[in-house]
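The data blocks that follow each hold one structure.
First chain A sits with chain B, and in the next complex the same chain sits with chain C.
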Partner chain A sequence: MNNGQIILEIKNLHAGIEGKKILKGLNLTIKAGEVHAIMGPNGSGKSTLSAVLAGKSEYEVIEGEVIYMGKNLLEMAPEERAKEGVFLAFQYPVEIPGVNCAYFLKSALNEVRKYRGLSELDAIEFLNLAKEKMKLLELPEDFLKRSVNEGFSGGEKKKNEIFQMIILEPTLAILDETDSGLDIDALRIVSEGINQMRKPDKAQLVITHYQRLLNYIVPDFVHVLANGQIIKSGGKELALELEEHGYDWLTNGKG
Partner chain B sequence: MSDKNDIIESLVKKEYKYGFYTDVETETVPPGLNEDIIRLISHKKQEPEWLLEWRLKAYHQWITMKIPTWAKVKYQPIDFQSIVYYAAPKTRKAGPKSLEEVDPKLLETYEKLGIPLKEQERLAGVAVDAVFDSVSVATTFKEKLAEKGIIFCAFSEAVREYPELVKKYLGSVVPYTDNFYAALNTAVFSDGSFCYIPKGVRCPMELSTYFRINASSTGQFERTLIIADEGAYVSYLEGCTAPMRDENQLHAAVVELVALENAEIKYSTVQNWYPGDELGRGGIYNFVTKRGICKGKNSKISWTQVETGSAITWKYPSVILQGDNSIGEFYSVAVTNNYQQADTGTKMIHIGKNTRSTIVSKGISAGHGQNSYRGLVKVAKSAINARNFSQCDSLLIGNKCGAHTFPYIEVRTPTANVEHEATTSKIGEDQIFYCNQRGVSTQDAINMIVNGFCKEVFRELPMEFAVEAQKLLGVSLEGSVG
Partner chain C sequence: MNKVLVQTKVKDLNHFNEHFKKAIEPLESSYPEWLFNLKLRALEQFNDIGFPAQDDEDWRFTNISPIEKIHWKIATKQSVQNLPEDILKNVPFLNIKSNRLVFVNGFYIPELSMITEELGFIGNLENFIKGDSDTLKKIYDESGLALNDAFCALNMALSTDGALILIPPNIKLSKPVHIVHISLGSDSSIMSVPQHIISVGRHSNLILFETYSNYSADTTFTNAFTRIIANNGAVVEHIRCQTENQNSYNIATTQSCLGESVQLSLFSIALGGKISRHTIKSRLNGEGIESVFGGIYMASDSQLNDHYLVVEHIKPRCISYEYFNGILSDKARGVFNGRIYVHPNAIKTDAKQTNKNLLLSDDAVINSKPQLEIYADDVKCTHGATVGRLDQNAIFYLRSRGININDARRMLIWAFASEILDHINNQECREKLEKIVADWLSSHFANI
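Entry: the complex of A and B
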């Protein structure tokens, strides 16, 4: 895959939950090597977009299509999307008591590897890989032995998301409000992790409410989502304008 | 919205793997229970007079007793006069002598169940007593065990060969007056396993009994008695299956364990009786009395159970901690899916000084399953410095199942220390979606979460059993989400 190949194409997407329409004709094209940021006020549809892309069953697609790597993403089950290389870093990662991080992530990695026709990693191979990547995120030694997200601090939960992303090496990473709940040190570490995954054959969709994350993860494109549509797109400087003027500056005019 | 519930509801459509029936000629007694039937059973087994008398006493006690109704389970009344109390494959006269004499059909049955009885094919280190309907059909590795003085044989054989031991301990832990089903069992029990580990002997292999109900309309009433003499150690496993039938069949067993000074008995069960179909038709009523006594100082009895089968499970493997410093343990995983009901737990009766008990109960409910933990921790005045720790966790899968906890604590000494912890959690859509998003299928996600939940109990099982139990759990919950 080269720079410029289309990874994700969202066309006229209308979607909602419990009968309420939230996305109202969203269009977005993401190519290999690109980092896109989606910004927008609360309730604009940011989380709905990430949920629909990941395949959360409560969300309903009313109209439009989503093509991922030439395939109809919306027809795939959530685990199939994951195995195809779509990764969602959750805004609120759930706790899974009793299942330790090593077991969980090894299972996930081997599912993905099997799907891609690669050999499964055994426990030792996995541990070697995991330990190496853990250093990047400054995760503590006992991390792999702890239950997934159980009793984790906000920062640890987000680090765990990024850690999983680095291990699973997705083609398209969707980062949903990854900066929320992070202090400045954690934000730096998490951002470094994300930047590590910035590669010519991969793409990232960064969803955030605040501009501050974009100081660390510099996007190629910034889109403003309001009322279920992208109302403005631009380069990284658009984020700074939003920081200065607020979302009202764009949304007011729309009535 | 309703999708959400559907997803969490439909993962249990897997057929019960052990539901086949073996076509062997069976000798049965007429249905119903009266003195004549008991005399007939006793006669068939060529029992001594004292045993017949004991049975008859139990029978007379039983007819005065009422069916216990305190358990949180619902079922149609059982017609005890329609049950066949004795059924045996018609191939032999006085108990199995060698495997060559066992009907090949029976060997095949156990083979199919994954329990090959030919010694060379067995997992090294597990001796098996195979109980088919009312009789023991084969016991493996008997000679090898005999070298160490260990007795491991069919109960009826023990009555003939070791009457003193049987007489001394039979009914000493669970008297026939104990409860309705124990009295019934005493009156009609047909076979089971007997095990005696002599002083100072550590049993070199796992002993195991595999129970199979085959004939229809029959009940299975086996009796197990295990005695660990001073300083002895034994690990004992019990497994069970039954054919799929629309009728409910009664299984009312009694298990008694006796641990003398410094002895240890580890008793593990993987209970996989036919649970009934997804609409709750058929299945085994598993009404069992299991109790051990830590008779001597520093003795230890540990119960580990994985209960995945049966339409109804009613059992409370208990320990009487009589010897000073003795230890009782109960580790349990109980799964109820579809319309299964389980009311299970333990009793820890502290009598000796410094006695300790641990209870870890994990209840998993899916479908319309109802799962209750019922436990009693009783500390007598004499049990100075007794300690108990209980942990009861419930895991719910879906919205139509239930989990209930009934802990009873009676403490008569201020020096005791009793702790109880309980949690209830639910496998949420969000957890499953999280796993899906990482490439893990819904079924694997459930297995992962359930196995994580049961880890503390599985750890207590012997290795091969632990693997088996994990798989079984996966099958039992298949279709509970999806």
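Entry: the complex of A and C
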């Protein structure tokens, strides 16, 4: 894949939940090697967008299309999207009592590898890989034995999302408010993890409420989402302007 | 209206009674008088109370009329002549090294049994009855036999064989003891009535497996009665696993009477049977007992699975923890009754009960009834029951990482079941059970 090839193309996306329209004609194109940031006030539909891209069935697509690597993303089951290389780091990662991180992640990785025509990893190979990446994220020794997200601190949950991303090596990573609830050390560690995945053949969509994260992950493009639409796009300096003037600066101007 | 009902009931019972009486009568010449009289009394008792009806609070959710309607034939020794070569094919835990006692239709099969333990007695009841009847009487007395349950009374009246395990004090067996029960059907509907008695001496250690399975898909009825006496300081882990076929009926009672400082872990894994009920009654009759009661029931199609648990705290400073998880799909019904009874003397009791249920279909039903009856001060007792469905958010989370929907569901159900299995100390047995549960999940829930 070459730098510049289109990875994701969202065209006139209208989507909602429980009869409520949330996205109202969203357009976005992401190419290989790019990092895009979406910023927007609370309730503007950022998580709705990520849920629609990941395939959460409660969300209803009313109009528009989403093309991922030349394929109709909206037709794929969530697991198929994952195997095709779409990854969502959840804003609120789910606790799964009784399923330990090692078993969960090894199963996921092997599903993804099988799909990509790679050999499955055995327990030892997986453990070696996992341990190496855990060090990077400064995750505790017993991490793999713990139930997925159960009893994790806010920071650990977010680190776990990034840990999974690094192991699964997605083509398109969507990071939904990965910075929220992180202290400054955790933010640095998590950002390093995300930056490590910045590669010419991959793309990242970083969703955030605050500009803070973008000091660590420098985006190529910044989009402002308000009222279910992207109302302004620009370079990384747009984030700073937003920080200075607040969202009202744009929303008021528009409305 | 009521009168007519009562009359029909008595008439039906008469049919049983005649048949049952005929089965008992020939025993008179070979049995010790006390035991023969006990059998007659038990039959009378059964005749008095009859099969439980649904107005009986203890059986409210478990309608056993399908069992009543069938004209069961009490299994005879002839039914276990010329056993098929692969008679053990469906028996769980078979490749865990153990002292193995095999029963088919309630009768001991020495050729299939393997006892390497030389201390104490590990064998069957039938021969013992004719031999050391005094020892047996003492154990019967110690076990605090209660016949107020119809099925226990019927078992007591009719059973002539079962396991007898007598472990002297201060012994740690090198291997578990495995009581294997296999129901083998025939043209007529066969009822088996195994009765097992286990007495563990002071400070001795016993791991006991008790398994119930069928050889084929025939309809059978197993009415089992197990009594455990654990003397002061004994350590007992008892794992009962019922995997009978879905045409069968399995009604069983496990009574245990525990002495001072006993450590008991009792697990009931119930996957089989059209109707199955396991009554567990435990008397914590010494200070400082630590007991755990765990169970998993999994039912699909139109299976009915009932656990009825009564734990009596009689002496101070005892612990009892109860964990029962149920998984129900299709039109299956689960019933859980858990009663913790704390007698006035039992101060500093620590009792905790949880019953969690996972419903996998709209038609599956659970009736859960936890009960605490506390007559002592200064106790710590909690209980709780939950009913839920698979967490859709968790399923989505797993799928979003590439795990297929069915694997995601199985993973969550598996996690729910392994919560209970994690409490089992015996590693080999726990691993076997993990496999049994996983296999059951993949055969029953391939497409949930």
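What we mean here is this: the second predicted complex is superposed on the first by the 255 of 255 C-alpha atoms of A that agree within 3 Å, B and C clash if a C-alpha of one lies under 4 Å from a C-alpha of the other, contacts with A are read in each partner's own complex, and residues count from 1 in each chain.
Definition applied: a residue touches a chain if its C-beta (ideal position, glycine included) is under 8 Å from a C-beta of that chain, and two chains touch if they have at least 3 such contacts.
Everything numeric in this text was worked out from a predicted model, so none of it was measured.
Steric overlap between chain B and chain C is present once the structures are superposed on chain A.
Legend: residue contacts after superposition of the two complexes on their common chain; A:Glu18 is shown touching chain B, with no touch to chain C. Of the two partner chains placed around the shared chain by superposition, neither chain B nor chain C is touched by A:Tyr216. Looking at the shared chain after the overlay, A:Lys83 reaches both chain B and chain C.
Counting contacts by the rule stated earlier, residues 54-57, 77-79, 81-83, 87-88, 90, 93-99, 103-105, 107-108, 111-112, 115, 147, 164, 168 of chain A appear in both its interface with chain B and its interface with chain C. Interface residues of chain A, counted against chain C in their complex, comprise 54-57, 77-79, 81-83, 87-88, 90, 93-99, 103-105, 107-109, 111-112, 115, 147-148, 164, 168. Residues 18, 54-58, 77-79, 81-83, 87-88, 90, 93-100, 103-105, 107-108, 111-112, 115, 147, 164, 168 of chain A are the ones that touch chain B when the two sit in their complex. Interface residues of chain B, counted against chain A in their complex, comprise 1, 3-4, 7, 425, 428-431, 433-442, 444, 448-449, 451-455. Residue ranges of chain C in contact with chain A, taken from their complex: 391, 393-394, 396-405, 407-408, 411-412, 414-416, 418-419.
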